[in-house]
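Just below is one structure, and these are the notes that go with it.
Each chain carries a letter (A, B, C, D and E) given by its place in the written order, and its residues are counted from 1.
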Amino acid sequence: MSLPSALYNSKTFGEKKFEVDPSKPQYQTTNGATTGPSEHVLNAGQVDIDRPSEPKLKEDNSNQVTYLSNLRCQLTGLQDDINVFLTEKMELAKGKKIKVASNKDTD
Amino acid sequence: MVNLNKIPPKNGRKYYVALGLEGSANKLGVGVIKHPFLENHESGDLSHDCGVEILSNIRDTYITPPGEGFLPRDTARHHRNWCVRIIKKALIEAQIKDPGLDIDVICFTKGPGMGAPLHSVVIAARTCSLLWEVPLVGVNHCVGHIEMGREITKAENPVVLYVSGGNTQVIAYSENRYRIFGETLDIAIGNCLDRFARTLRIPNNPSPGYNIEQLAKKSTHKDSLVLLPYTVKGMDLSMSGILAYVDILAKDLFRGNKKNKVLFDQKTGEQKVTVEDLCYSLQENLFAMLVEITERAMAHVNSNVVLIVGGVGCNVRLQEMMGTMCRDRADGKVHATDDRFCIDNGVMIAQAGLLQYRMGDIVTDLNETVVQQKFRTDEVYVSWRE
Amino acid sequence: MFKKQSLEKLNIPFETSKQASIAAQVLKPDPQLRPEEFKVDYSSQGSDLVVNFQSVDDRVLRVGVSNVIDSIKTIIETIDELQDF
Amino acid sequence: MVSTILPQFPKFQVNVSLFHDVQNSEDIRLQVAELPFAFVDASVIVSQEQLFAAVYRVLTDLTYNKLRTKTIHSECLLALSPTSNIGEAFNRFGIQQGSTDLVVLQIVEVGQESTESANDIVKGTEVEFNNDNLLHTYNEQTLRKIYKLDNSFQPKTTEGFSQALVNAIQLRGL
Amino acid sequence: MSQKIVDKVSEYLTSNIPIKLISQGAEAVVFTTNVHPYLPKDQIGDDSDVQYIIKYRPPKEYRHPDIDKSLTKHRTLSETRILAKLYQIKDIHVPKIIASDVFNGCIWLEFLGEELPNNAGFSNLKHFLWMYNKDGANAYDPIVLRTLYEVGRQVGLLHWNDYCHGDLTTSNIVLVRDIHNENSWQPHLIDFGLGSISSMVEDKGVDLYVLERAILSTHSAYAERYNKAIIEGFSSVYKNEGEAGLKKLNELLNRFEEVRLRGRKRSMIG
């Protein structure tokens, strides 16, 4: 079974490969770290009741998530990886301090 | 001659079923409706009387904390994260067993509205369409409101007052278009109320307008109105000046600025106007303007029937004022619907979309499903009416 | 040509080629807001959806890629929940 | 004498007489406050329309308790004026020392007609109160000044001129 | 028409003034009568055909009494005032005022217009255009285009003198037939309740936009040519005023275009 992946490439930076490690928890959730509500509403007291749906379980009572739910979780983790990486690069470009593992969305 | 039965129901059934998806602003709505297949729909203009049966009408509203509006990005996130769950809920409630067999058409809001939220719903709509092999129809949101209102109230050819967060229009049908006779020259009524509510930190749950309406009822100084600018320009109106004016009052009230002569007695420092009074005055003023432009349009097109649609349309005070106006016109009548149909919902998109579908107007290329943030009511060719 | 930053071969392995093809068809119609700054192309290769992005800078790339992934997640969820409804 | 009842105000009778060659204007002026008439200098009256428009205004204001002066007859002089300055209205429209042509106006409640007649007071020649007879006595230049009419306004007829005065009478004080 | 309103007017006018309802607009009810409010009968002559307009703004029960009183007074007064001012401007055609009672919202006006032939309705611009839009008629008859040109001229004169109408619809333009030439119609602007004195180019642009839309909404098929004729008439007034006029005209037409674009592009968020 293949996993979602991506490849970043820039002339100045070179290549960076993004891969999924299915055993790690960040690839087992639908709730991404970088795709929450915007900081602005959180600061205004927003309680997040609009999280993504939980992964779907197979109907065979095996307590395993479906293939597509699994894919969705892995893609969520991959999206976080890409977002964090690109955010760091953006901040670098701005000459600012790198915020390690920022879990805030900045767009 | 209009033939609403141009396309027969699927699988030789005697009825049509449509799924409607709406997400142009902060409400996400999914609805399933059924139209019986009726012989008399083959000729004559019966688009207001389809015998609609509502199989399900599910809505989820993105709510922000008091003082905050809804931003496109967060609204889109809400829709994206709830969309599939809401569709599923609507299908289950409608007892749809096999969407590919049971549903004739999937209707989605093409516009107008906020780009990101519209887009997040259209993604699901396209996927369903390809997955179930069911045709798609893109619907103008405003036309959705009008068609739903007509079907529910059976108002045949009313002057329509469409009032919501983003729209304020007086519309009348003529020669296959819903033509705009009057509208706001700047901001929409709902927007005006929402922004006023934000200044006073009036909660957004269930909606700022609803809360203003409840507060207004509690005003104890109804006999002495806070006079606000009244800006009717023919059949158009302007509200930005009123908002600016009332917003200063609201700010001073919120902060307790005793220097404000309208709000505080300059000698005793006593507060003369409460939040409730201000809500009352704002409603009375804005609604009087709405009723006036509606009456102007009625006089212009020689009609005596009004249909109020859109989220602000479920305000009971507005309905009551409109009713009084109609009563004073010859046999006038006002039609309105309750919050199930007034506030953005999926059923209205299904209703307008199904009419479109029955006339043979369907998406033939997915490129036609790109959402349109700006999509005027009068751009739609209304093929289903005489 | 603005190809400075790119994210090549975002590869999403669907269950079937039909699913991958649906995903590509769903994503294709939407035009980019700023085509001079950001380009995307989608294709399905077997059961894989393959997306290529090109952008003038990391900021534009980040917003664009994340939006597309959001859409793909919606597509996956829709198929997952509604395919065999 | 023209005697009429305005349809909207059936309780009041309006009597109007026009006198030329009046000789005792000085005497009348001195006792004007006690006399139940309005004495208007005819040089500032162009038409019946102008005068009756003022009467209409007086009766409207009376009905809705909006009179500005002490009596219904002094109100008539104010009603003719384009401004709300009472003294000015009296000076411009009331009887003057040397007035030789007079419009005498009386408003009485129906059923309470006074025995006093304008003829008993005014020593002059009564002519019919109509537009033709007014034509010879009015002074356009004075009226232009009083009603502040622009020189660009050059109506072709007396009726056209009169209309501008009617307009001003409607709008006084509003 | 609500009997209550008729009763109210009848009570105000008394039974001495017989009234006939001719239209119920949005804010005013319009009656005709053959009784003059103050001129003695024998002075008007025996012409019993003479009619007068009574325009009454009834209290609107739907709105708060404070708003109602203030609007009724303001609009009646403003209409009277503007008609009085416009009366004195050369070549502008508006109805003459006979009487005005701003506190009761009542204005008496000169009666203008006539019934169009073949039951085509009263001679306002709307009915007039409909008459020519019927099958068998020539929608672009020179009489129509000339009349529209004259409509444009009237609006031009209004704007040149810094007045705005505020509600330029096709029902608010009454056509009066030339007594010497039955094919010549002189447009008269009526209903100045929303009128204003304004030198603002924005107000004038909106005025033109409202008129353009009024034509578009009720005479869609011929609107383009009709609106062109109106603008030609409008422009002719400004062009007559030399350089200064041309400059103002350009400014105004540009704003008109801007207002129109704004109208089309206005954010339409659902």
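Rule of thumb we're sticking to: a residue touches a chain if its C-beta (ideal position, glycine included) is under 8 Å from a C-beta of that chain, and two chains touch if they have at least 3 such contacts.
As the structure is a computational prediction, the values presented were derived from the model and not from experiment.
Asker: Between subunit C and subunit D, which partner chains are common?
Answerer: none
Asker: Two chains share more C-beta contact pairs than any other pair here; which two are they?
Answerer: So the pair of chains linked by the most contacts is B-E.
Asker: Based only on mean CA positions, could you tell me how far subunit B sits from subunit C in angstrom?
Answerer: From the centre of subunit B to the centre of subunit C is 33 Å.
Asker: If you average the Cα atoms of subunit A and of subunit C to get two centres, how far apart are those centres in Å?
Answerer: So the centre of subunit A lies 15 Å away from the centre of subunit C.
Asker: Hey, how far is the Cα centre of subunit A from the one of subunit B, in Å?
Answerer: Chain centroid spacing, subunit A to subunit B, equals 36 Å.
Asker: Distance from the CA centroid of subunit B to that of subunit D, rounded to the nearest Å?
Answerer: About 61 Å, centre to centre.
Asker: Which residues of subunit A are in contact with two or more other chains?
Answerer: 35, 52-53, 107 - these are the residues of subunit A that touch more than one other chain.
Asker: Residue numbers in subunit B touching 2 or more other chains?
Answerer: 80, 84-85 - these are the residues of subunit B that touch more than one other chain.
Asker: Give me the residue numbers in subunit D that touch at least two other chains, ranges are fine.
Answerer: Residues of subunit D never touch two or more of the other chains.
Asker: State which pairs of chains touch, listing all of them.
Answerer: A-B, A-C, B-C, B-E, D-E
Asker: Residues of subunit D touching subunit E in their complex?
Answerer: So the residues of subunit D touching subunit E come out as 2, 4, 6-10, 48-49, 52-53, 55-57, 60, 64, 66, 130, 149-150, 152-154, 163-164, 166-168, 170-171, 174.
Asker: Can you list the subunit A residues touching subunit B in their complex?
Answerer: Touching subunit B from subunit A are residues 35, 37-38, 40-41, 44-46, 50-53, 107.
Asker: Can you tell me which positions in subunit C touch subunit B when the two form their complex?
Answerer: My answer: residues 22-23, 25-31, 70-71, 73-75, 77-79, 81-83, 85.
Asker: For the complex, give me every residue of subunit B touching subunit E.
Answerer: These residues of subunit B touch subunit E: 24-25, 109, 111-114, 141-142, 164-167, 172, 174-175, 179, 181, 183-185, 188, 224-225, 227, 230, 232-236, 284-285, 288, 291-292, 295-296, 298-301, 321-322, 324-325, 327-330, 344, 373-377.
Asker: Please output the residues of subunit A touching subunit C within their complex, sorted ascending.
Answerer: Those residues of subunit A that touch subunit C are 1-11, 30, 34-35, 52-53, 56, 66-69, 71-72, 75-76, 78-79, 82-83, 86-87, 89-90, 93, 106-107.
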